[in-house]
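A, B, C, D, E, F, G and H label the chains in the order they appear, each numbered from 1.
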């Protein structure tokens, strides 16, 4: 009968679906492992760079070197992750690595700032993280994740401006103030949607205000 | 100075980002329009097939024909949508058409059931909606959207079983009961994640129970 | 000096603003009173009509008469309200009476259904509530409020279908089933936004299903 | 029969509703476009006036001139918006432009302050934005949006007071302190409801405190 | 001063927790794997016992035998799980297997009912699942999970009562009715909190009502 | 059966509550009016005492006298409010006047400080506001509202310390510093819950810190 | 450092310090009282819930009377807890505006327990008499003999008018009309459970009455003009309960009126 | 009707009924135990909070030692409550998989109290020694002499390795590393309060140390690999506290380094 016919087909059809789900789960499981590894390395790098806030004198160059060594591991881990993501399905699984990528973008941008006092470009990030620059090239850094990283950088630098003064460095805050001003000018060119990135950007003005007040305190006390 | 240098680069960099956001918004705006059109057609098809529940005798073949005509429009609209979605970014924008696609998958599967009393295959859907069968082929129907459509079909058929009895048709409920049983067997092969699909599948048992009770009512009254 | 000049102006300017706020508050206070009165009358009408669910035999015509008497008060109260709302600022204060208007639209539509088994038109409502039919005429019933009232009616009728059977009336449910079907056909023509009305409309299908099951129960037991 | 009669009417009635919803959506879509344009211009003006915080000496008059040029565009865009809003339904769609209007009110008030060190009046705003002064005249600036703009101005001036000192200007903070004091006196005349405006006004005291502290710093160091 | 820099010590203290949490994650990962296996077997058993509802004559004894074979696998899988759970930390990880255990408790109780028409005891379950009877013995079945399983059994039996009639068996519903009555008397002894179990128990009365209706239908038609 | 129809009785029982709740609403409406009046007077007193921050020399005694005159109105308004609150139901309606009472407690405490440089006692407040000292006496000031008022006083005095210096008064900040120290010692005796008062108290330390900074600035410059 | 110590020494002798010492005592006393009330309220909730579970065993039971007696006993425990609450509130009379005002001041701390008690008590009353316990009647259950000074009249005056006439040498827990109403709202949920259980147990006689009982309460709630947001949610739950009961009555009716094929055969 | 009664009569003798009677006892016992734990936990919270408030009085106080002694005394009360909790958990040992497992089973009922205690204890330790109390050291505070049968080893084995060696004739409350960590997270908030109070009271010496202390804890938390969602929120609060402390240190530094005009005048 038609129905029993269908039944047979059904089972076959559904078994093929089952394969789909099994594969999907395996891919996700594998991705999760890579993300866990990236997460671990990101935490280690954070552990290194957060000592920049220590009021005792910090050897920034060596701190950057140590971090850069860890980034070699990051590149390896991204390479592994990349192999696990089916071609053309970057955005299907994006949610898995979105978070850790934002954090790594922040860490990379922080190191680049500490080294050269410039804003990290996507090329910089691409080389540090070992991923493609542009989406068309395959596994890349989503632009919004990159920008989120830059906004986290802004907060961290605002904190650094405060702690620099405590450590007796009155020049760094002034430089940070200029840098954040320029970053703000850049962001204000963008026509952001009403999403997480926009909300995070709205917070940038508080970081800027904080640093401006630090510069004010230094100036009025003749410390500049 | 380094900083003013950077500033210049900055602005350039951010202008290129601005392009990205502008394009992204345009694409989304365009997609939204296509989805709105699909939505409208889906609503029209629903209006046609709804009459299947009418207790007065329904001419199902003509109802199917009318619906199939509307599906020609759907195919056109999917073709338009497809052109607006950048290659390889299906999943980046998936959320936009997820909903309407699930509804169209349901409508297509309902027509196929009414015509042949068989379960729609992905090929069936592919021809009716005018999209690719497999993800590798480009613009396709995501498997989970297809399955969501089938679960909506189950609810609709449970309702149809009830209304068939009211219209004096005691054979259809029995057929539906068998069909849902087989559909359930199929779904139970799948190892679903704990997501919307799973939740929707958990609801299938209520549809089945309802139909079983209808068959029970028919049987105990010797109407079978 | 410029500043003292400004100061003076300032105070003047702000005093005029103060008038605005004082007036605004007074208007709102007055509106709130009228709404409270409408609310009270709506509650009294509800008290009358809810006896329709009593399983003991209910005298529906007298119930309608009693309700219509109360609607005379409603008309008066709307007339008062209308005078308090500044011309052309209906939508500025709409939130205040939105709720009670929806409830009164429901009650009016229920009475009209009980009397004539037809769907209340906006003209019907306009005469019962004593407001304008069209927005251009001034104080009117916002279309979405009217539709909300109709959806509440659907729920109430679904409940009535059940209770009618308990009271031994097997004809009313069948009529209600037809009526809700037609109401659904009407609503499905509308391209609703994703708002409260849409959500409420999504609930209509449950009311319809409930009534279909009642008709089913009656039919299969040969009570129709 | 009555029911089939009704059914026909129903459909007619609902088709007329359908027109209402279609029109409503079109209007909103059109309004959204105008608001998007206003938003863009507002962002550009903000970019211009932001430079007032630059510690390097700023040519304020030229900054004001540049901004005023952009306001010509704003007037055009408001004129377009105005034509899209049905007469007497300003408050029905108010939510769409509320936000951008508050921002433009702030920008206009800032320019006027920078030019003349006086508080912008509603007439000033009316000419700069090209809208009516009073509600009765049609498309106007809602008073609360205007006041929101003034409170944003207060925050911006508090920030300017800080940055002025950094730039070596010890006179501006004192003037700002007086200005904010007067603004506060004005606002304290108002009997605000417990809403967003009230909450924003509660924040004014922090801006004032900040400026008072700047003046204190200047005074105790004999810089005044 | 007494308050000296202990930051260094802190880091040491916390690094031992780092290990603790890492181990915790590993244990959870391992448990999750075992639970996934149990889940798979539970699904297979469900597929076997589902056929009890088939209207065609079912060979219940063979169905039970097949299920019992699968339970051998369950015992193995529980044994593995058990080894992964540190002694005396059952309740620390309970959430992981709570769900699957409830389902297996249901399946075991169903088989025991189909075999002997008695209510499964905790001893019965203990032998079928291969876990301890009493909590003090280590890895056991939490009482509330067991009770949840029994309530799922009640629902399944209510469904079976309906389908038995469809298959022409008028004796089973009567037996099920008595059985559920006893089960209900048992459950009514319990003082439940407002939790999941209470909510599930609230559903029992509907199962009993359904079976009562079936028995009524049978009795009234003299089929008993 | 024992269970008879008591529906009629029920309605009677509830109608007496109808009255109760109607009365409750009336009482609240009346209270709200009195609170609005108190609010207005509190705002006027605030406008008077605000001038204490003016950098131009302020005639504090006259400012106190003016405020005290307004407090005569406050006493009247409290007397009216008191009459509206049923005996022994102070805490039933407390939320209505909590806010304004805290503000009046602050204003009273400020005046007493300006007059005598002592901390207001509950007796002081009682006479100024015209309410009972102890709760057992009826309409009183809730202790936590009183304490909230004192914390607002602390913030105001911290601001005054800053502005005194701007006005050339180097003695007041030192006195305020001692006063806030005593107040802090008092507050630190209290065991607060995690509520609004605790949160407000947490702010006290910033006020004290600010004053300490002012005193530091004065001392270091030998202005004391 | 010396200056600090000096300031401290004076500080502790200052009137400010002394004042805050009394504030500390007041706040601590309030907090401790709140804690005791919360605990008693939790116990009362547990006790009341168990009475409700017990009463559900009445449906289809042979030993109906025995169960009701057992419930009576448990109400003894509940009464002890109520008295604890009442005395705690009364004790605040000195410092908190009399028993009556303490009732309002601490309501949040004990209302859950009291509402659950009202639910249990009204359910018991319904099981015995098939009717709704009145507010006045309920108040009698929360009176305790007392030689201590009388508590002032309270909220109930707004509703009952003979309350004031009552003997003044009893300690009363002034349960507010609102808490009574909220307890009754929950009662309807238990009625719904009992109603559907009755069908399953074959006790279909009282169904219509139960349904009317709850419908009466629901109708009253729906037309109650009450500002308390606490009631709003309960009415929604109540509506769901009532619909379940109405459906149950419907089910029993519709199947009871079935026209059987054999009847039709007879007609042939 | 008779059939009903018959069924009932047999029902109460049935094995099903008997089984559920034991289930009832188990569930009631669990619920009662939960209630007792919740109450003890609330008391412990109150007690710990008061200790914390007491310790804040140390800043700028002349009688520092007296306050610390007073705190010591209050810790006696806390200890009694902890023992109550420990005994309650131990008593479940028979039916709930040993003390260790009861620790996990009832954690939700008593964790708030225990975390607040950890907060108070670590704050006290910090006030005395300026350092962080270790996990092992904290565990020693929740041991109670006991002649009863020993409790099995617990979670702490995962961290401390000499725990197992300890004398077995003590009753121990097995505070989990997680609860310890969460208590420490809250400690940083109190440190922040103390830090800013110190500036106001003119005790600016230890500021940098306090800041480093909290920064150390914050750094450790930020790089902690922990799945518990409970920690996430606390880290945010902690970050806010640390920023306040860093700003405070900054304030003191920047004003301390001001170049005065008169200095410049000297230079002229």
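What we mean here is this: a residue touches a chain if its C-beta (ideal position, glycine included) is under 8 Å from a C-beta of that chain, and two chains touch if they have at least 3 such contacts.
Remember, it's a predicted structure, so these values are computed and weren't measured experimentally.
Visitor: How many links in the shortest chain of touching chains run from chain E to chain H?
Guide: Shortest path length, in steps: 1.
Visitor: Looking at F-G and A-H, which one has the bigger number of contacting C-beta pairs?
Guide: F-G
Visitor: From the C-alpha centre of chain E to that of chain G, how far is it in Å?
Guide: 36
Visitor: Taking each chain's centre as the mean of its CA atoms, how far is chain D from chain G in angstrom?
Guide: That gives a centre separation of 52 Å.
Visitor: What is the distance, in whole Å, between the centres of chain C and chain H, each centre taken as the mean of its C-alpha atoms?
Guide: 55
Visitor: At which residue positions does chain F touch at least two other chains?
Guide: 181, 189-193, 217, 221 - these are the residues of chain F that touch more than one other chain.
Visitor: Going through chain H residue by residue, note those that touch at least 2 other chains and give them in order.
Guide: 7-8, 31, 201-202, 208, 212, 215, 219, 225, 255, 258 - these are the residues of chain H that touch more than one other chain.
Visitor: Quick check: in the complex, which residue numbers of chain A touch chain D?
Guide: For chain A paired with chain D, touching residues are 181, 184-185, 188-189, 191, 209, 212-213, 215-216, 219-220.
Visitor: In the complex formed with chain D, which residues of chain F make contact?
Guide: Of all residues in chain F, those touching chain D are 39-40, 43, 46-47, 50, 53-55, 159, 162-163, 165-166, 214, 217-218, 221, 223.
Visitor: Help me check something: in the complex, which residues belonging to chain H touch chain G?
Guide: Those residues of chain H that touch chain G are 4-5, 7-9, 31, 35, 38-39, 42-43, 46, 60-63, 201-203.
Visitor: Given the complex with chain A, which residues does chain H contribute to the contact?
Guide: Per the stated touch rule, the residues are 208, 211-212, 215, 219, 222-223, 225, 243, 246-247, 249-250, 253-255, 257-259, 264.
Visitor: Flag every residue of chain H that touches chain F in the complex, lowest number first.
Guide: 49-50, 53, 56-57, 193, 196-197, 199-202, 248, 251, 255, 258, 260
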